[in-house]
């Protein structure tokens, strides 16, 4: 139970196509995260799966059964909403037990299941409070509790943590990870938070404009992005991109130096080079380096310092160095890229590998 | 113009004391940032300076003149609000020029100054739009423009960037830094964002419960926190704190090893040791280290990986390692602290130096 | 096949058949003046069978051919004609044939549409509780729409139609609310013409308009500062003052009338518009103040603080920032106050005796108490109603917003 | 630094208010003053007057304090200068129950009138006339004739005697202003059977009228909650009854329900639903019996209640609709996911969420309905078992001229309302206040 | 200097005539008169309220029932009225009408015009069924028996709307017919139980033969005009309408609203008798000009004098069918006004003389009624008390409750006596 399959799913709002034919296989027990820029259709896709929106074209199968025409109640899924969507007039206990009550489960069994969920989520103390009397994190737990008790085939989360403050977000993130580990249930999770996506997912699905750009494990996406969009979308601060040219097995940056080009055998030729801030090191202006520039701004963050380096004749490049190193604003430095961690993109923004 | 002095300032809401006697000297042209946990009185303090709240006790001087009883209009300050507080019924041009208009500045001069501000903030294209038709970042710019044109003695910002998304926040942060550099006007800025505080401030004022915990430059606060509160408040992820004991010039962690204690001459004895995640390195379980533990969770973020290491018999410690290194969850490792970057705190949570 | 599903389908059809027949029959009667006795039984039967056929065709999915509702329509029509012996309204088909034909079309279309809307996803097979309830709710809503529309619209329809008829026609056949075009435009509007020429209604209209607008202006002038003070300024007794205003709700107007009558008479204010213009704002200010302060509270305080930082004084903030931002609220308060003043009856009735300064409400009462024919009374009612309805429809949005924003939190 | 800020907490909150707040306070009072003055004068004043009058045996006529009425006329048709004429003052005690003491008449003799004979008790100083009359009995009347001759000046003027109004002063006991109190009004109304039936009718009217408006409003709000083409139109239409002048809709109902020429009765009789027309507004009760137990169905009262529900359901409809639209749709989606059926969603989610607004509406409408006068007055005039307390105030105070009794009923109304509102506010669901 | 004149004749066409009169008066004296229509049902309350507020008009055109109570309450300036009465010549007035408003040494108000209440019946139906004219309880009940056939035909349309003067009038007429009166020379006199019960039973019988509900003049006329009532009680104001002369109240028995057919089928009775009072009685209403105590007395007197003299025929012409002259003539010609009145055309939208519409007998019945007509308390000198009793609507209310079977007849009489005794 809990394997979900989308086949050429499309969603049209009137004449506006929001989901443009998505095929996706979610294995039973997998933790899948949808990320993508705002408006790309993450929530819509989740709601198609839940049944809250009608699928315009294509089919959705759960455990091999076509559920495309079933109402939400018939799909056996649970959902946790960004706004928590708790029932404000009910106690936590009733909130959590509501799904069971509507299903006609006997009272004792409801009580038992609700208490079990409360144990898992450490909600025991708050069971008789109204949602209003809870903090954000507690509300989030209640929302999750409500989803758990129904023992669904899969959990759907729509940006469940985005209303929490940073510290709480970290805590709840760990909790969700733990929950997934202990329940082993399929989870589909929408977020726009990098860190959540990277740390929680078994598989990240990067969406853009209603299409899947890439789907894969976090490390896959970070280390081997399929295209420029994914490369820049995953990783924070984002990847620096510079125009480059190729000669044989060497690349060169206009007006600067160059280095070895590893994919010389590939027919497609790169026009851009991408390198992440953390894969650049600072050298003296005259030592071995790929390029030189002037430090425009330094941002000291304690653990790290970010340098905004204006390359001569090229864009500004962001470099991350350790917080203990100091570089003066306005000084000239050389930059050296980690050659094993450079990315090349062709004119169609596709990665060359 | 722009030096602000607070003398024993207090604020009472009825019988609730929110600001508990604050002395603070803001130099002309300084960029001062108030940080502190939610509800500690940052906004209130800012509003006392602005004159929007009445000061209950103590005095506020601007450029040596006591302005405690003056209404906001008499203090010559500008304020940028978290919600921007743009006048929705006026065009951008009128919004920006409104303060000048109420001051009775002639039309041509208003136009001139407004255009100048628009140039600085790249608002020219939007001058005739209503705020509703602007994006968040543009609105923020308008709010700043409105503050600029009045050429105030100082700018007051109350969490100006908290309504923007991450990317925009970075951009606007740089913009404000640039603005401060070019105008050289005093700025007082409230935020709860670490990064903003660290990167922008000349001086960070850490508030807690209506009192100043420490005031100083970002590096000072990061490297030499006065007390445990500041130590844990500044820096992200936050400092790990472990109980420790001292014998002569050596400290030891209960059930683990120890190291050299640098402040042997100080009378106060430390009971806790603090070390930041970025100042811990991973060793094999048997190599030289300060302590050993089991990796509970690893969070892979691409550039970095965070390890949650459960120390034997002690708390869980967070460790930051490079994203390219891999440590298996569940493996046993040793941890080595950077001895030059350890902090010791006495029973009153004061740092020992 | 589930008996329960079939029963649900059948009852749906039956209900709609009967409902549509009664409504259409009565409408036909009112429009034509001919007494059309609705054949409820036949209509119920027609609806019932129509519904069964509809669901049957739907269930036979992929059958192709004509859509299910077409079958249903045909069945409804045939059954109705057969079961009522070709006289669905008990009138011979030769009487008002056009209207009858129209009514028949409306009936068939209405019943078919209703069946289609209600039973869209129904089937004879097992249905979940969820699906059944969806159908119940559709039926209840459908009936609700019809019933509500009728009970709301019927009195207004009668009001307008009565005003267009002559006393004699009214007495002869109270059911005949058709428009008799044969009397020509002047005959139709005779009541109105007489009201405006002989009964001075033109003047009443002006007086009402003047009084209402003046009341609005006075109310706003007084309540805006008050509401602002209560909602934004801090001062001792704020909560008490804000709440005590509401006590006026507890005071019946009739209790005020008698003392005010005496005092106003002595001051020479009774039987003057000035008198009304003192009383009306007094009764509207609390409401206005209440609505406005709700709105003011909802305005972001930071906007006003921005104004203060921009160098304005409190008054400046009110004039330059609060008021322009409150235009919707001001509009809704104005509309509401206008409505109250325009519709006010008691004070006008008690205070005014001079027909030169009658308001419309007062004027209409005087139509009732004499031997004035009923169509005049109704025409008077129409004249009193139309302006306020027109203005209301124009600004409805504001009224809805303001009324609710002002008094309901959350 | 930290050591320095950690000074002992100062001496507690400052006393008094600072200069900025004081400025704000005065501004606030200034802004509120006009509102409060007008409300005090127009509402609080009359209300207090009512309380005062309710403990006094006051008839409507007593509002006019006892006084000596005077009428000045010229008698004797003088035609030429030198003709004699009489300037006659007719005097009358306006009260039939109270004597008036120290009555003095003062007037100016018109120019050109030469006084030749002064009645007793009168003095003439120049042209100033002053007559001391003394104490006069209730119902007393008298004439004073001032004899004299006229000159041309006098004749030329138009009614010269009216140039100055005669002034009569005197003291009398005034029931309105004296300090004698009585509870007679209350004992009178409480001992009348009628009062209790009026009270009962008032509560029926209020409770069912309010309840009806609420239920209809709730139903209508359900109908218009979801979007569909024509919703705006229907919403506008549904508000008509509330927006239209009461006078128009009340008369329309009377016409519509008229037993002889009303459309509704014609419809009912023609369609064979009833055999005789029903007099909806005129018939006190329909009697019928169930299992031999006779019941009375209060027809007119029911019709009036129906009118009330019809006219005011739009208000509850508006408020309920607004509240429903402010309920987060997320909550319903969550319920969908939880497998709740539509009726379960209504019962477990919508209704509890609406309780707050429903109770506020109930309170408001209860108060307003309780206070309602116009509607019943126009529909039935309070007859046929529809007389409510407010109509009774009018009847007692105005129609029967017993102001004291009317005021006593008004006091009852006020007390009942305040009691109800207090209790209600204390015990009703608290989710949203006013 | 404007006189305020309250009049209960408030239909526009009648108002217009009064305004003409006012204009003529202004022409003559320069005094402006503001004619203010007041609904008859409001007149009592409004006058009392205005008195209390010290805001009375100068002149009020009112009915008999208010004359003495108002004089007593201090609303009317009886001296001024008496003076006008005497100026005009007491002898020029019909004696009965003046006597009804007599107070110490004069009249409370100046009598203007009067009419008698009539039983109007369908002569054609009565003849068809061999019924005697409905001039007694007995005859009426016999006719009820024969003719009652609802909803096509109601035998009677009685008056049951208790707050309408109309009900008081009809009831008083019925009670008078059986010799019942609540007053004697010493004031309140308990109602005679037997006679009252007879009258109550009669009233209940005709009410049961009426449509349900709150009936008053409006329904009576509508039903009669529609040919759905056999008998009604009405004032002579109906005479022109009955003949189709007024569009706003057309006979609807035929399709032609201007037809005088119904008039020709109608018979009239003014004197009604009951089993205990074979002589029977007629009921008259007289209208008066009252000058108030707040008036500009002299101008008001001038106005009343003018209306009763030069303007008298205009006054009567407002509705000649219901305004029989009380002032017979002036100093020069003792019958000037009676003669003039007879020629006044009746009707609103169409005009005709009464003599053209009704046969001489009928007209004679109508007019002569005024001479024999009476009211409670007139003979006994207790009109004022009787008026208060009527104005209190106690009788209406209790009778209505009797009709609604809330109390039996004897209890009703007891209760009536109780309540009436309270009225001073």
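Letters are used for the chains, namely A, B, C, D and E, taken in the order the chains are written, and counting of residues starts over at 1 for each.
One rule holds for everything that comes next: contacts are C-beta pairs under 8 Å (C-beta built on N, C-alpha and C of every residue); 3 or more make two chains touch, one makes a residue touch a chain.
Quantities reported herein were computed from a predicted structural model and do not represent experimental measurements.
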### Innermost chain by mean C-alpha position
C
### Task
Please state which pair of chains has more C-beta contact pairs than any other pair.
C-D
### Where chain C and chain E are represented by their mean Cα positions, the distance between them in whole Å
42
### Query
Between chain A and chain B, what's the gap in Å when you average each chain's C-alpha atoms?
27
### Message
Between chain A and chain E, what distance separates the C-alpha centroids? Give it in angstrom.
### Response
94
### Summary
Whole-Å distance, C-alpha centre of chain B to that of chain C, is 58
### Query
Which residues belonging to chain B are in contact with no fewer than two other chains?
51, 71
### Residues of chain E engaged with two or more neighbouring chains
49, 52-54, 222
### Summary
Multi-partner residues in chain C (2 or more other chains touched) are 130, 171, 262
### Query
What are all the chain pairs that meet the touch criterion?
A-B, A-C, A-D, B-C, B-D, C-D, C-E, D-E
### Query
Along chain B, where are the residues that touch chain C in the complex?
50-52, 71-73, 77-79, 81-83, 85-89, 98-99, 102-103, 146, 150
### Task
Would you mind writing out the residues of chain B in touch with chain A in their complex?
38, 165, 170, 174, 177, 194-195, 198-199, 218-219, 222, 234-237, 276-278, 297, 299-304, 308, 320, 322-324
### Message
Under the stated contact criterion, what part of chain C meets chain B in this complex?
### Response
300, 302-303, 305-313, 316, 320-321, 324-325
### Query
For chain E, which residues count as touching chain C in their complex?
6, 10-13, 16, 34, 36-42, 46, 49-50, 52-55, 218, 222, 225-226, 247-250, 252, 255, 257
### Task
Within their complex, state which residues of chain C touch chain E.
166-168, 171-172, 194, 198-199, 261-262, 264-266, 270-271, 353-355, 366, 369-373, 376
